[in-house]
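Both complexes shown next keep chain A, but they swap its partner, so chain B is in the first and chain C is in the second.
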Partner chain A sequence: MTGGIYRVVGGRCYRGHQPGDLFEAKIEHRAEARAIGRGDIELVERIRFTVQPGSYNLPKGWLTTGRVSDG
Partner chain B sequence: MAKRIALKDFIEVDGVDLSNLARQVTFESTDDQVDVSGFNPTGSSEFLAGNRVRQVTVEFFVSRGSNEVHQVIFPIHDGRLTSTFRWRADSSASVGATNEELRGDVKILSYSEGGTRGDVETTSVVFIEADADSPLTFYST
Partner chain C sequence: MKPYRSLWFVMPANGRFDLTRICLEQLRRTCDTLTVRGIRASAVVVTDDANLETAADLGFATIRRDNQFLARKYNDGLQLACDPELNPSPVDFAVPIGSDDWIDDRILHRLPDHDAIRCFRHVAFVNETGQELSETRLAYEGGVGIRVYPAQVLEACGYRPADEDRKRACDTSILYNTRRHYRLKHQKDFRVTYGDLHARQIVDWKSPGEQMNTYRQISSMHRSVQHGTPFDLLKGLYPDQALEAMREHYR
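Here is the complex of A and B:
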């Protein structure tokens, strides 16, 4: 799965987005290549989807104590 | 629920809205009828549902411009690729319980084109369910 910000450049809606719209999506790489090749969309920016600090909570006690092996 | 005249259907193939290049759509879900009848006093038959096949047939106006029918559909067939498919009855309304959307991964196992003098060129394309990861079924969200 490939992610990016795309612009709809063809004369038709692409995945519900109007021509001229910018949208962010994960698109399977072969589907992305077909869409770009057909002139449906263009890649504006490649995105690496990552978990942002602060957007999650770790289980209580995690990373506050060192891991101890059983061995 | 009101009766419907098909006018506003939404059809999307491989992400591309082909609604205004289509004029007919038919969804079909079929289970094999497997005979599991045994001898019995009434001679009745007993059946179970076997393999299931789901497919959608769409009649398109053949057009060869950018992002149009030939350019979108033929490469998917030619490359034996899997693509996405979506259909809902009312394109002007959002997906919901009264306007469910049929969607899933499909393959196009055959493709044909051709014209008759003086007639509009159309082609019927069968989109058949491709896998269990994204089965062709109706969604209300």
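Here is the complex of A and C:
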């Protein structure tokens, strides 16, 4: 899921973030364009939100069984 | 042979180690009961503290994620549950749940169709001292934040429905954004169905300090009916072992 790192550049809060703050968010493209056009935020970097590699483990045994008999 | 239907609970956790352990142990029992009934169930716990070890010891999935944004923890869990790029055996259903909640497994025996979500309106809250239980019916759409989402419904938003920078109201963010993306993809809404069985089908155990909404706030916001000792009221609905552990927690 694509999002971005944004900086609040206007003189007012944006989505709860203070002027000058950097924040990461997914903002719908048209809303993002409007906010940038208004001078509320600027896009610092495009990022993809996802579970970080190496940060997770599946449940014990999750991949070993997955079917049940009809009987 | 027929395939199991599979389901994960998605639980962000933060601190409250004793309460979380008791709730995770009860969730283990819930998952085991569901699995016996043909719904292969487990959970993923998302945190960066000692709750990770508790979750792993109980056989649950874990994700290490800091506590800066609660929404990101929910999104991580939902994505790991459902996204075949991460999980070689992705689930059919994901259910966000709090680290202070119990759920009667019987409300999950009927699961929604692929174009519907299943919600619940009735929830019981136990106050911060463990001495009072109140029953509440949440009248607004979607009811309790514990909702059953088919993976096919979550697919439209890349399995990460919540606004990534939210620190609260994540259940509403999940519901609204899932709907928005589903509508864009399918040109129609998913159906919202309800599966309530009884007033204490979901129990939310309050603890002093570290929580979003206090018992008093909830009681004043919604029409709640106060009752007596939770341990008597919940007897027979939840295992004695779980109730005894919780009684000890509040002592």
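As a working rule, the second predicted complex is superposed on the first by the 56 of 71 C-alpha atoms of A that agree within 3 Å, B and C clash if a C-alpha of one lies under 4 Å from a C-alpha of the other, contacts with A are read in each partner's own complex, and residues count from 1 in each chain.
Going forward, contacts are C-beta pairs under 8 Å (C-beta built on N, C-alpha and C of every residue); 3 or more make two chains touch, one makes a residue touch a chain.
Since this is a predicted model, take the numbers as computed values, not measurements.
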item	value
Contacts of A:A35 with chain B and chain C, given as first, second, both or neither	first
Chain B versus chain C as contact partner of A:G3, first or second or both or neither	second
Touched partner set for A:E24, first chain B, second chain C, both or neither	second
Partner chain in contact with A:V51 - chain B first, chain C second, else both or neither	second
First, second, both or neither for A:W62, with chain B first and chain C second	second
Superposition-derived comparison: chain B or chain C, residues of chain A touched	C
Contacts of A:R12 with chain B and chain C, given as first, second, both or neither	first
Footprint overlap on chain A, where chain B in one structure and chain C in the other make contact	15-16
Complex contact set, residues of chain C against chain A	1-4, 6, 38, 40, 42-44, 56, 59-65, 72, 75-76, 79-80, 83, 86-89, 157-158, 160, 163-165
Partner chain B, residues of chain A touching it in the complex	10-16, 27, 30-31, 34-35, 38-40
In the complex with chain C, residue positions of chain A that touch it	1, 3, 15-17, 23-26, 49-52, 55-63, 65-70
Residue ranges of chain B touching chain A (in the complex, touch as defined)	12, 14-18, 66-68, 71-72, 75-76, 81, 83-84
